[in-house]
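Below are the structure tokens for one structure; questions will follow.
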């Protein structure tokens, strides 16, 4: 792997979109790592939550977007609850995930379509989690 | 004699107003006072006395009369105030009409008060006889005829249905001429009805509690009157407010004040009251230090000083001060007490 | 030409806000707003008083008489008064005065009391901007104005 | 009432005769039936003129300031509202309790001659006698009886304290309270509900009638200043003239403000106003606010309880605290 | 008519950039009373000041208006300038056209207009200014130190050594404070007790120092140089004069339920107790809430066995009133409660302790006698995990947003001490940042890492799960990007520091302000760090903000120096902007007296002849030494009989008029 020195452009459009979606401020983070230490799904993440925030601080949304982490996050909000700086990493991750979903084709789900798509096997927890995520 | 149906009074006022301002008694905010009549205003001929006497038209409570400003070393002075156009003062009672004559003596003798003079000259006074004199009235003590007001340009009687209109002066004649279309000639029955109405009014006057009051010039020596023990007794209940002076048709003291407008100065005069602690306040203080002295000043002026100058008592018996004084101390009580006059 | 200019000036409503600021907190807060270069309109003009409790209701009415479109009293936060208790009295006094003004028909929005500490430069600017906005909406104050006073 | 009047005269006579007091402040008969004047009685002989009837509306407490200061021992008759005024003057340090002998008079409400006049009950009356709530109007043409409540002053109809709250001796049986306290604020509530524009127009019309006679101020037991700020040319706010209507507004607002928390709601300001301005509404508005915001306080009830504007509480309502400071609660 | 000079300052381009200063000067020249107006680059410079002096002399100025920066900045400068030119300094007014104008407005026309208005207001006010002369007041040669910790002790000793009497008021039964609880001190690792105890003894034996332990300040009145303080000395229930300090009572007390405050609750104490062996005074105290005798009326054992009959159940609180010239506040700090941090298991698991508890645990005189064992099973731990920033730098509302400043160092100290004594014990430290800006501080922390092998992990602990006799500490190594789990035997939490719970109440009593976290606010963060906003009241130690011992001691010395400076003055010059009563207008209602926070107004009876009638009247009288010039009384006075010099009713109304011009 060749490492090049990267001068991060912190004010990217992609970042603006992400911050717009989640409405939290990544700059509050002081990289204490509490989110990563708290995260129950961290073992399945290639990029730890605090690294997600760091990358976002540096404007490198694409690295987060390409990571496994955004799909591993269970949106349990443990990180957000314990974050000492009100950064709300779960929202940030969710925002990146949303921005990826939107780019994938803009196929917004219509309410009517939900019953047909509903999977009986889907755990209730996931539904509850989704509700918590989307209700600001 | 002319007459007009009472319900056509608004038309009459409207017609008068076409030629200039008309001051008439109008009820505003629950009290009737003389104000510039506007179409839609109902002239109030029922209320016997306006809260503020009609003198407020000839001698407004406050009047700006001078404006001056300094620009560098230049001083610009502008005289304002007074009345510029002819106007009608409608609905004055006999007592108020008489008060004009008393004020004239002060304001029209040299040096003539030009603002008062202009108002006196340009105004046509329409007096109205009193249909129902009240308990506090004592105009008769000063030979004022509530049934036949004197000193006005036109006299009006309210019969209930009609207004009788009797011209008294040339000014009144001119006004009547302007109103020709509205006023009709009174008939013989009317001519007969008038004395009956007047007699009825006089009968009511006879019944009043103060009907027997005699107002005579005080003949005692000035010093003796001045030192009368009763002043203290009378003044002890006086609160020192200026109500009696401000509702009095003959009180005419004023104060002069300057107001900084930010860009110049406005000089105005306003009614003053000898009952106030700061009346005639001078650099050294107030010449009348206690309420007794201030109280004495007011009544000595009315009953002694003014008569000494003009041979008439400066009171018209309108009764306003009797009604308005918060503690019912008034000129009648003083007249009876001072100078040892028997009740 | 001159006349035209004048009328167009009159049309552009330039409110006058008189702000009484206590020396220890709010005046210093206004200083901080200045030091921090926080913008607020020039319509706000400040009078320094030692404490918000020095502000006499007379002054407030006087300002309205002389053409103020809005009046502000700013003092230390209750509990932080330099003189321990001054602003507690301010609070009572002007709670009553505000209600009285409202009772005789002076819009409440024209009279503001706020607590601004020496550290709250941004709050000072925010409060002044807020007052300006409210007064702008109401337009010029004509009530209680002394017509003789020419502004 | 006549029986009580006799007792009143008797008591005054005794107080003067025994040297219990140097002077008695009471009411005196005037020129006609509703003409009653406050008067000072210095000898027992004079007390025959002393009076207690339905027109003894004037408050005598305020006269005490001068007499007490000159070191006289005075006796004074107080109705319910006068007693409140007395306490207020006491709180304001204008009189001293020791030098005053207070004769309490439970008050059945005073009769407003204007109301009789408006009801056309006025003409020809020579005297008015009273038994309970029945008024006997005696005239030249005989007597007619009317119900007193219809002709009482408005202020008496909403009186909360017909019985003196302070006295040395009570000269009659206590009177019942006519109406609940809440009735006092009906007009205030009505005004409050108006728009700013309506409110202003209402007051402007009222204040426009003001002639600055100062009757409201001079009758007011809370306005007991040695020299009123409005009489003091040095103060910068004195104005004798009403050259501009803003001056009356200024005067009345500041006067109401000066008596805030000190007004005993005796209603005298409105009664004496020759222009008929309902000045008491300003005071009642403040009383209402004080009760709502700072809890029950009634001026004149107890001179030892600090007045609302002379005290504060840390947790007072704060209508100005839109945004809290930092993390503090 | 006044002869007013107006001086408009450019402040370089600070003002001149947005305000047309020449036009301001020109407009000012036309204002009523102005006879001279001039603008200049720097009015506060020597040249500028000379310009003012010269103008005063040449133009016979009777008033000076300077339109410049905030009066808070240079008002005193210009007053001195005027005074030097023979003009009373209070005849100077400053129009603030920098902070309130030039710096906040961009439009030059607008800025100029406003600057003119502000100048006009200053001219209008100056016209009515009156020459004022400052009064004088005496200084009570005695200082009060509130708090008997190291800050208070050091302050008291310094002041006492300068020859002034000092009283120390300490809330707890013994002086010593937090430092007495600490085992060793960084960065030298000397024994805390060894350096503190001598100071405690010095204070107790110093002829100029009086100790009031188990006491609290109840009320404070007065002003700089003349405070009057009421001190409530709580009933100790033991007569200190009789007690020999033998400790028999504490030993025999049958009640053993109370947790020792000194040992952070790690052991119990009797209801009658001496907080710690070196306590001063060495007199026990009865905790009446715990004592069986006070609860039930039975027992009384201590009283029976006391050889000196010193136990006195009847003893009552005593209130001592004393006058002071200066007050030093040295009330110290506390640690925050950790109940909001459930993830650390503090309070749930005995082996999760705070750093202060750790201090007691490792102290030779502590509950374990210095044996390093964990609380749960008294076994020696093998792995110890330290967590820093527990509640510090926390904006979430659970903790405090500030850095507690001392935790990095004491955590390094703790880890180092363990590794030094017990090399077999593993010590790990979770940290966010290590902050060691102090003399020998960073070297100290690096020694912990480099010489003692303390494992520093940059990252926080997310949760702790007890598993059998272990505590599974889940954290992250943020640098390597890996999560970490340590099976610890003992977890030590560096909890955040906080202000004392009653700091705000004390602040209110003293009329000194507190910040959003209830730490006392210094008068200026840089230039007046040990003074409060209230003259004569100084701050020392952690009550003003988190501090370590060396910093506390130096601040204590500084506060002492300030206090000594004050006490050494013969007279104090008082603020001349005080209220005065116009007796002719005063009705004596004393509404002013009721609202005066300083008790500066009192009734006075005057006799006068009023129009030949002799009268006695009560009027208000102001004690100018007590009056601080808030002006609250002027509003309470309906008649305007009481007015504030320098801010008279007329002056302020003139300003209103001028601004509304």
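Labels A, B, C, D and E are assigned to the chains in the order they are written; within every chain, residues are numbered from 1.
As a convention for this text, a residue touches a chain if its C-beta (ideal position, glycine included) is under 8 Å from a C-beta of that chain, and two chains touch if they have at least 3 such contacts.
The structure displayed is predicted, hence computed values, not measured ones.
Considering the contact criterion stated above, the chains in touch with chain D and with chain E alike are B, C. Of all the chains shown, the one with its CA centroid nearest the global CA centroid is C.
Of the two chain pairs shown, B-C and C-E, the one joined by more C-beta contacts is C-E. Distance from the centre of chain D peaks at A, each centre being the average of the chain's Cα atoms. Taking the mean of C-alpha positions as each chain's centre, the chain lying farthest from the centre of chain E is B. Rounded to whole angstrom, the centroid-to-centroid distance between chain B and chain D, based on C-alpha atoms, equals 30 Å. Taking each chain's centre as the average of its CA atoms, chain C and chain D sit 36 Å apart.
Measuring from the averaged C-alpha position of chain A to that of chain E gives a distance of 44 Å.
In this assembly, the C-alpha centroid of chain B lies 72 Å from the C-alpha centroid of chain E. Of all residues in chain E, those touching 2 or more other chains are 595, 636, 649, 653, 657, 660-661, listed in ascending order. Touching of two or more other chains is recorded for residues 227, 232, 237, 243, 309, 325 of chain D.
Counting partner chains per residue, chain C has residues 57-58, 62, 66, 79-80, 85, 89, 93, 148-149, 151 touching two or more of them. All chain pairs that count as touching, in label order, are A-E, B-C, B-D, B-E, C-D, C-E, D-E.
Touching chain A in their complex are the following residues of chain E: 343, 389, 393-396, 398-399, 432-433, 458-463, 474-478, 481-484. Across the complex, chain D meets chain E through its residues 69-71, 92-94, 224-229, 232, 234-237, 258, 306-307, 309-311, 325-328.
Touching chain B in their complex are the following residues of chain D: 30-40, 58, 62-63, 117, 122-126, 140, 205-206, 208-209, 211-215, 217-219, 227, 231-233, 238-243, 268, 271-272, 274-277. Residue ranges of chain E in contact with chain C, taken from their complex: 70-72, 96, 98-107, 110-111, 113-114, 117-118, 121, 504, 508, 511, 513-514, 533-534, 577, 595, 597-598, 628-632, 634-636, 644, 647, 649, 652-653, 655-657, 659-661. Per the touch definition, chain C reaches chain E in the complex via residues 16, 18, 23-24, 27-28, 30-35, 37-42, 45-51, 53-59, 62-63, 66-68, 76, 79-86, 89, 93, 125, 149, 151.
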